[in-house]
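Letters A, B and C name the chains as they come in the text, with residue numbers starting at 1 for each one.
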Amino acid sequence: MRANLRVFFIGGLIAYRGLFNWISPAYYIPTMLLGPIFQILFFAYLGRYSHSGSDAFFAVGNAVQVSAMAGVFGMALTIGGERWTQTLSPVLASPANRLALFLGRALPQIANGLFVSVVGFVAARLLLDFHPALASVPTLALVVVVTTVSCTAFGLAVGALGLRLRDVFLVANPAYFLMLLLCGVNVRLDALPTWLATIGRSLPLTHGIAAARRVAAGAPLADVGGLVGTEIGVGAAWALAAYAMLRFFEAESRRRATLDSM
Amino acid sequence: MTYLRIFWTGWFFQLKNLTRSGLFVFTSLVEPLIISTLSFYMFKAGHRPGTLFYAALGAGVLGIWSSTLFGSGGAISWQRWQGTLELLVAAPPPLIAIVVPLAIATSTIGMYSLTATLLWGKFAFGIPFHLVHPLLFAVAVPAAVVGLGLFGLLIASTFVLYRAANALANMLEFPIALVCGVMVPLSILPGWSNPIGWVLAPTWGVRAIKRAALGGDAVTPILMCVGLGAVYVVLGAYFIRIMERRAMQRATLSLT
Amino acid sequence: MAVVEAVDLRRTYRTSTGTFRRRTLEVEAVRGVSFEIREGELFGLLGPNGAGKTTTIKMLITLLIPTSGTARVLGHDVVKDAREVRKRIGYVFGGDRGLYERLSALDNLRYFAELYAVDPARQKRRIAELLELVGLTGRERERVEGYSRGMRQRLHIARGLLHDPPVVFLDEPTIGVDPVGARELRATIESLKDAGKTVLLTTHYMFEADALCDRVAVIARGRILAEGTPDDLKATVADRTVVEIEAYGVSEAAVERLRRVPGVESVAVEEREHAQLLLVQSPQGLELTRALLQEVDGEVGRVAAREPTLEDAYVALVTER
């Protein structure tokens, strides 16, 4: 999936405007739709062979993960491609703009993420032993949106760090793998060593997936309120961390007079 | 014109070229390590410890496949972007003879993945490393590398006519891994997909490696893998000639 | 027998524009180009950017299929006999691309030597000779990514000569190279001729064509406008005078008026930093200076009259048709 995303965004769909203005089906369909479907199938069959989980477990885990990763990468690449003086400094300077700007960039990623996961869920429903109740769909959609939002916020932090290190992929790729391993996408957290599980819990996506699994199994929104809340909290925390990082890097770049070279 | 010399020179040249690409080596190592770690935990959670070595081998082959796809899928496009594609076309040997060693070099990098995965399995997860047919294993691995490399070449040569080749090629990682039974045996997949797997070299390559390691007839898969590879060279030659001709007609040999 | 023969070469490109409503445009880059190059000649294809030089050369080196027309190199058709042509030619192009960056010059040369079937026993010596020729000895083990533009150019020339081809095609070899480096490159190109090779050189530097080429074909907008030795071309404007007027802030309208002054053949405007240099061509003997100065608005600096150069001939050819 990561490879798909990398290609997708290198293929030129980085900018906010770009995402919807010139999506070519030839790029979009394989990367955003077919790729995720096969990821779901791959892990579902691996799960069947290893007897480590039901189809539903893997379907939900991966379908949510792909939409979330679209959010992480989308945001990270948008930020990572910025130059300080052009957009970020003004952003950080004026309080009114910050939220608007974030939303402006995040919305296409979120919408895209939601669409991708819908396709993933439908494919899982058709191809695997996964039968969520129709009634759970709206709640599921809500959980997916929340998770994608919090992952987009995480993408801010990834992008900020990538901007500082001058190579977004240096941060984004490892982030992708960490999340694949540690957020309960294909392995339950209790099957991991404690220290890894702890890292997993401090990342977004983890609680979102847990909530989504329960909802798909029939739980009402009230039951997963705690998980959803935690997911939002984690996302918000990462957004704050991203903000702090960006301000720090900006100050640092002023001190070192490297404003434009970042 | 000795094609053998061109093969060895090209193979070694491209191997050197790829090894110096940090991104490429990183990708070849990290992804299989993560996938293998995931599968180790999954297999452990499912309480099937005997199959951990099986999982390690599968993840290693997945690494070879991942490198191949990453390298070959982008190889022709990357050469075009770098401005070297037209030089390769302008050279006397047929393009297929030039490109085959480059493709196999890409999958050879996958050897790093296989080694890393097995070592990781052994030292981080205590998976015992015991080969039933060590000599056949030593043959199976290069056979798989060749088979997968040539398969990657075939894919690259068919897709290169289309701008979205990169996207299409990269998307193939999981589907091929599934259909070829890299991580899970063909028997648990829907029956209709098995014939697709039988005509793809990776299926035989991974089967050769696993049987050489865990027991069973490894010779047939080795032969099938290499045999299919030869077929791919013929097909690839055909597609590459079409691509070359079209590029010369449409002047796309050196477009970025 | 001509070593390189182009007969009515034509090449049309189809491009599409727009993202949602794609329109296809047909661009005729080369419109019936014909010429011959004799053995041992250094032939120049001179023209502005977009004239069709690169397209023409790519057809000759078998990288591009002509839309119509034929071409032969050493008797072999470039389309039907491409492989035979490729064995016998060297291709050098300008710019930064075309080399394997992460590897050394030596690695690059060894690889291409193998592709061009240079006898393995002689490869080492041949490579060393070429490195010496292009002045890269001692730096061949460094990675190409650290090379300057001039060094890359020189490496390209070395690469193009590995198999000692009788015909060498050079596509804007000195473009973007610093003056000193360019001068060295030109000396190397001249030595190719001394070695008996047949060379086709494309360039948009007039002085380069003048200095190096035995014969020059001026190409613009896909057609050959004139062909001959540099002296022949200068002769087309030999009966003219060029009046150079240094003007500050001359307007487009004034330039137009200048063009319409009776007797004026052409007016070219060269932008300098704070001024423009107007180059007015007119037949010798006509004293037009006063008439010209009357039309020029703004301030006027130096005014001089001189004999035409190849550059003026070129300007005349390219603008007057």
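We adopt the following convention: a contact is a pair of C-beta atoms (placed from the backbone, for glycine too) under 8 Å apart; a residue touches a chain by one contact, two chains touch by 3 or more.
Just so it is clear, the structure is predicted and the values come from calculations on it, not from any experiment.
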| item | value |
| --- | --- |
| Where chain A and chain C overlap in contact partners, by chain label | B |
| Longest centre-to-centre distance from chain A, chain (CA-based) | C |
| By count of C-beta pairs in contact, the leading pair of chains | A-B |
| Chain centre separation (chain A, chain C; CA means) in Å | 52 |
| Chain B and chain C: spacing of chain centres that average the CA atoms, whole Å | 44 |
| Distance from chain B to chain A - Cα centre to Cα centre, in angstrom | 29 |
| Residues of chain A touching chain B in the complex | 2-4, 6-8, 10-11, 24, 26-27, 30-31, 34-35, 38-39, 41-42, 45-53, 169, 173-174, 177, 180-181, 186-188, 191-192 |
| Chain B contact footprint on chain C (complex, rising order) | 13-14, 55, 58, 61-65, 83, 86-87, 91, 95-103, 107, 110-112, 114-117, 120, 159 |
| Of chain B, residues touching chain C in the complex | 1, 5-6, 9-10, 13, 16-17, 20-21, 82-84, 86-94, 98, 245, 248-251, 253-254 |
| Chain A-touching residues of chain B, taken from the complex the two chains share | 23, 26-27, 30-31, 34, 37-39, 41-48, 51, 55, 66, 69-70, 162-164, 166-168, 170-171, 173-175, 177-178, 183-185, 188-189 |
